[in-house]
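Please find the structures below.
Same chain, two partners: chain A is paired with chain B first, then with chain C.
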Partner chain A sequence: MHELLLAAGGPGPVSTGEAIAFWILGPVALAGGLGMIFSRNAVHSALWLVLTMLSLGILYMVQQAPFLGFVQIIVYTGAVMMLFLFVLMLVGRDSSDSVVEVLRGQRLWAAVLGVGMAGLVVGAVSRALTDVQTANLNGPNANGGIGNVANVGKLVFTDYLFPFELTSALLITAAVGAMILGYLDRHSKGTKHTQRELVEMRFRGEYARPGSLPGPGVFATANSVATPALLPDGSVSGESLSRLIDTTASEELSGDVTSVAGSGVAPDAHALVPGADRSETEENR
Partner chain B sequence: MTRAEVLADDPIWLILIKVVVLFAFGVVMTLFMIWLERRVVARMQHRPGPNRVGPFGLLQSLADGLKLAFKEDIMPAKADKVVYFIAPVISTIPAFVAFSVMPFGGRVSIFGEQTYLQLVDLPVGVLVVLACSSLGVYGIVLAGWSSGSPYPLLGALRSAAQVISYEIAMGLSIVGVIITAHSLSTGDIVNAQANFELWGLKVNSFFIPLLPSFLIYVTSMVGETNRAPFDLPEAESELVGGFHTEYSSLKFALFFLAEYVNMVTVSAFSTMLFLGGGLFPFVGQDSVLNNGWLQFVWFIAKTFVLLFLFIWLRGTLPRYRYDQFMRLGWKVLVPVNLSWIVALVAVRQLRSAGWPLGPTLFFGAIAVLGLIALSFALPDREVPDDEYVPVTGGGYPIPPLDLEVPTETPKRRRQTRGSRSRRRAAVTAGQSASASQSQEGSNDGNV
Partner chain C sequence: MSVLATLVTAAQPVPVPAPPAPAATITQPPISYPAIMPILIILGAACVGVLFEAFLPRHNRIAAQLVLSVLAILVAGWRLLSYADEMPETGTITLGRALAVDKPTLVLWATLLVLTIGALILMADRTVERGGYFVADAAVRPGTVQDRAQAGRGEMQTEVFPLALFALGGMMVFCAANDLLTMFIALEVLSLPLYLMCGLARRRRLLSQEAAVKYFLLGAFASAFFLYGLALLYGYAGSVQLSDIANAAAGTNRSETLLFGGLGLLVVGLLFKGSVGPFHTWTPDVYQGAPTPVTAFMGACTKIAAFGGILRVLSVGFGTTSWEWRGVLWGVAIASMVIGAVLGLTQTDVKRMVAYSSVAHAGFLLIGAIVLKPAGLSATLFYLVTYGFTTLATFGVIGLVRNADGEATHLSQWAGLAKRSPLVAGTMAFLLLALAGIPLTSGFVGKFVVFQAALSDGMAPLVVVAVLASAVAAFFYLRVIVLMYFSQPAEDGPTVTIPNLWTTGVLTVCVLVTLFLGIAPSLVLDWTSSGVFALQ
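Our next item is the complex of A and B:
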């Protein structure tokens, strides 16, 4: 590969620093790509891809294109991958890939398109390594004598203005589409109510009761949801007990019952002493 | 030789010295800022603040840091081990890297070697700072995700949304500076400000002509560093500690370090972009006040003004609600910034086309005011006028939430008017008393 690079390097050989950078960053980028494909966890995949993008960005910088390198880091690593991560994190950390084929013929088409894509990439790269004369970006007279950044800016806003605007139109279309799909008109009927509307509806009697259900009784001795709230006359408020708890087997709540009754284990100062017999405590719980 | 060429000529030992000094600068500034913040906020709240360790309590944060290092390092059972370990490192390293492009001072001679007080001067220096801040978010997001617990995850999601939104406002406010300075290089931006005159006065800074950009930058830099009043990712009343809830010991210390180094970075960046870097205002670049080492002093002084602003905001303002915060970012800062950039470009273009600036601005302002007046003439959205009176389940009307209880009933008023003619002299002295009496009376009547 190094010899190929040397052979293709039009004006001037590849410097030692660039070669070192290539031989470090190249394997790292490759490892990132492989890691992205082979890791089971979606977030790990995304992180491997970040590694690849970072190495590519640094490779651009080494090859005298600092603007491209930093834009690669800001746009791809900073914005695009961050949004990916954002969604992946919402999906949940324990969800792994399913191996069941959901779409019919997906694997076949994936294989065909993958091979086609690989062919295209190999063709493009082999042509870049043999036919294309490399332009030297280094030195004061390169880039039209005004430097990489100024030149990129000039070209984007003159010769390549139309493709540039087309790209932004594409992005805006996507953004507007997402907004329309996600938009909820609050003023139309049958949608989510505001807080104020909900309060008024509650008082109008459209709900079972105007306020919320009474909470469980929280006393100094217990903060369990199984503890019922007491009404002013001392009787138990049935509404404060969750239906879920009513259906729970009584053994599961026995710990809470003992703690409310005060017959459980009291805090013991010797509990932290190593060697103290704690099996008794365990049994009581 | 230009700044970049001088810096590229630095020998290895000088580069190493600069790297070590930059790292030490970041750490010392963190220790000092924690102390300063606690002292200043304490003063604002009428209490002494840390004053035991060292003179004026200066060594307090060092003691805290040492204590943190000896704390137990806890790895939660459900944590993703590798990511949990590297997250604090990812958040700390970019914070320090951003220092490398800051032009701390002018041209100096160190051990006989001519150089600038700056590590590198890249043609895209401004983008380096932006890239570092966008990489720093990964630390926060991954820390929240890898902890395997809901509060850190929520904090991390908030933080990701916050930093991405405010980075847009931040990047747009930098555009104004780049248009004016014609460069993305930090050194060139400072040099451009050195020649900047306003009405014959050498202001040596961009913040007066680019005031909207400056204000937006200052707002968004507070959001970008997750500081009060925008510290929603670590809102302790809602999310325990936010993304670093599960962290302890040195890993927690690294997050702290990253936060404070980020504060210093964005303040220094703002100094460089808007406040003229190390230049002393009102004098030329060749003045004694602007020699290389003194520029370093002015740079630090300007940075500290902004750092004090951070502390002041924290001591003064309550935390924003999340939706208000997002509305400020997307619906105020970004549109204002975009229209400001368009106006700036228009003014520059008209000036270079030979238009006189004064009349152009005057007629431009008239046109904008006319548009605003026209917008008032547009009909408002029709508000549906519902006639119903809210009633309770029992059928009684509900009093409105903003009900004002009248102090006098009509009947009572008629009675007092009748008696007033009889005891007119006593009215002025006993007015408030009679008013409160009548209010009590009306309350009794209602009950």
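Our next item is the complex of A and C:
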């Protein structure tokens, strides 16, 4: 690997600083990549990837490509990965890997072929670079004394003018696509009533009652939605119960009934989480 | 010297560097506007279409979008034809060698423009189904109450028109791209709208969205392959220009690992778009799930663009090293033909069957593409023209056979169709015969010229395999014809919808072109063989 690095350094030897930077950042970037693949949590995965990208960005700067390095950090690490994290947080991060193989032996073959492919590419690239006198960036960067960033800018407006302009079509498409898939027109006629319209309709009698239904008596005596609300005279308000509860078989609510009546087994005072065994299985359905 | 090393040595007194010289004025690359005018018109019209979406009331949009798109394509076609006369014989390379506008480019552009008009008219057809092929509101989740409510609304997402124009613009750039970077961006510009359009079907929305996701994920994967190949080739040649890569390969005797590694990865990305051989796995699902006019657009135009790109990359960039990689592409072509023909036999869905047929056709096209001689180029271009028109009409007809659930694509539902609608059954039978390559159709002439070019280049074994594969493929086309003509129609079978005049016109033109190119191909053959790629 060190020989490769030496070869890549061009005519001169690799300076100490560059070697130190490489041997610190290289393993860190590799660890980030592996961590991204192997961590179960999607957010951790994304953070590992941030680590890899940051290391790569610094490596680019060390190799005389400051523009690329900063773009890597600002655009990829800063913008893209943070967007990625936002999406993960919005969608919810409790994802579980499916352990069911739809195609039998798929994982085995994917692993074998993946490692084989990686071996081929790494072998080919390292072989191709061993006896090649690679160009360093001293020449291009100093071109006309305007340096790396100005040179990149010059290329964007001369040789790569057309591809650069063409990416705008890509951005427009992406924006239009996001609008199509994400935007729901709620304000045009007949889609959804505003709050004011709803109130007026209620008082005009288009709904059964002007106000909302009374809430259940949750937290009055128990934390079950099957607990009815009590009217001022102490009688039970039938409206406060969901129709679902009326139609639910009484056996299914027996647990709630006992807990409301206080006739069930008292919570174990020594248990860390009272009733954890039941809530884990029942409420998450 | 590195930045870090600079930091290390910064402790010692360093002579203050001279202030940077004022940036030299840069000279813009010369731009030949007449040559690239068709692209500019199409992409500009797409942007105007997006503005239409923002500012026009909903009920006006579809007519305005259709008029704008067709008008833009007609104007682009007119500019194209007027430029064809004044173009230098060797073509024009413009925009700093990013685009090469030459005779094959013009042929591909003209074909793409004409076919896209047809596809756009199919997309705008709202007589086949209330509201058209596209969903009224794609953001509504499938299967919900709101989804059932919107299903009856006679509206559609009119964004498909600007998206189709963007895709068309991307395809045109893809055919003309003279360096790999432009080609990559064009690949994305043509793919992204297609991914979106695949997911917008009015009926069977989950299937449609699944198709879009599959196409997007696999397409992103293929793009990554393309990009990695591009990077390796840049490492080899120090340039992304196709002609520079060819020169680098011809001029030196250094290790060619990067060259062939890069070519391999690059070709995977290209073959994926052309749905060739082992890289075809997205094709049946996407063809089936996408709205039928989008399938028609994809089947016809993406194939043309992809093979336009493959032809240029192989002949301009890698012509000098062809004897080293051609064997691999032989294998790919054989695999593609065999997969398409054999798996096509087992299909029970008409759209999936045509998808596998397109895989087989991609194999035939690849044979023409690896001939790397003017004869091969002209034959492949001719085949693309014929295949485009036939495919567009085939999917147009498939969209007409419907029952209460939308399109009736299961083969059993097509039984006895000839008794219900002799005209549609006859048209479909003719188109299937053209796909099979029966004489008097354009498919026969297309196959004939490609096989002839391959034979003249010493690829006789490949031609034998191709003839066998087309014989096997002919079986499943004929099976549909037999089913339509010699089976009893099912009790609750589908009905054939009478489309509006425009769609009828498109189908008629496509069928007539298929017939005409089968009887008198010389006119178009002269046109496709009028020139070769610009080498610079």
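Observations
Rule of thumb we're sticking to: the second predicted complex is superposed on the first by the 162 of 285 C-alpha atoms of A that agree within 3 Å, B and C clash if a C-alpha of one lies under 4 Å from a C-alpha of the other, contacts with A are read in each partner's own complex, and residues count from 1 in each chain.
Operating definition for what follows: contacts are C-beta pairs under 8 Å (C-beta built on N, C-alpha and C of every residue); 3 or more make two chains touch, one makes a residue touch a chain.
If you're wondering where the values come from, they're calculated on a predicted model, not measured in any experiment.
In the superposition on chain A, A:Met89 contacts chain B only, with no contact to chain C. In the superposition on chain A, contact is made by A:Ile73 with chain B only, not with chain C. Of the two partner chains placed by superposition, only chain B is touched by A:Val50; chain C is not. Legend: residue contacts after superposition of the two complexes on their common chain; A:Ile172 is shown touching chain C, with no touch to chain B.
By the touch criterion stated above, A:Asp159 is placed in contact with chain C alone, chain B being left untouched. When chain A is checked against chain B and against chain C, the one touching more of its residues turns out to be C. Within the superposed three-chain model, A:Ala124 lies in touch with chain C and out of touch with chain B [touch as defined at top].
When both complexes are overlaid on chain A, the residue A:Thr248 reaches neither chain B nor chain C. 66, 147 are the residues of chain A that lie in the contact sets of both chain B and chain C, per the superposition on chain A. For chain A in complex with chain B, the touching residues are 41, 43-44, 47, 50, 66-67, 70-71, 73-74, 77-79, 82-83, 85-86, 89-90, 93, 147-149, 200, 203-205, 210.
Chain B makes touch with chain A in their complex at residues 80, 83, 122-124, 127-128, 130-131, 134-135, 137-138, 141-142, 144-145, 148, 153, 156-157, 160-161, 164, 167, 184, 390-393, 398. Taken in their complex, chain A has these residues touching chain C: 12, 15-18, 20-21, 61-64, 66, 121, 124-125, 127-128, 131-132, 135, 138, 144-147, 150, 154, 157-163, 166-167, 169-170, 172-174, 176-177, 179-185, 188. Listing the residues of chain C that touch chain A in their complex gives 1-5, 7-8, 20-21, 23-24, 26-29, 43, 46-47, 50, 53, 58, 95-99, 137-140, 157, 159, 162-163, 166, 169-170, 173, 181-182, 185-186, 188-189, 192-193, 195-196, 199-200, 232, 235-236, 238, 254-255, 257-258, 261.
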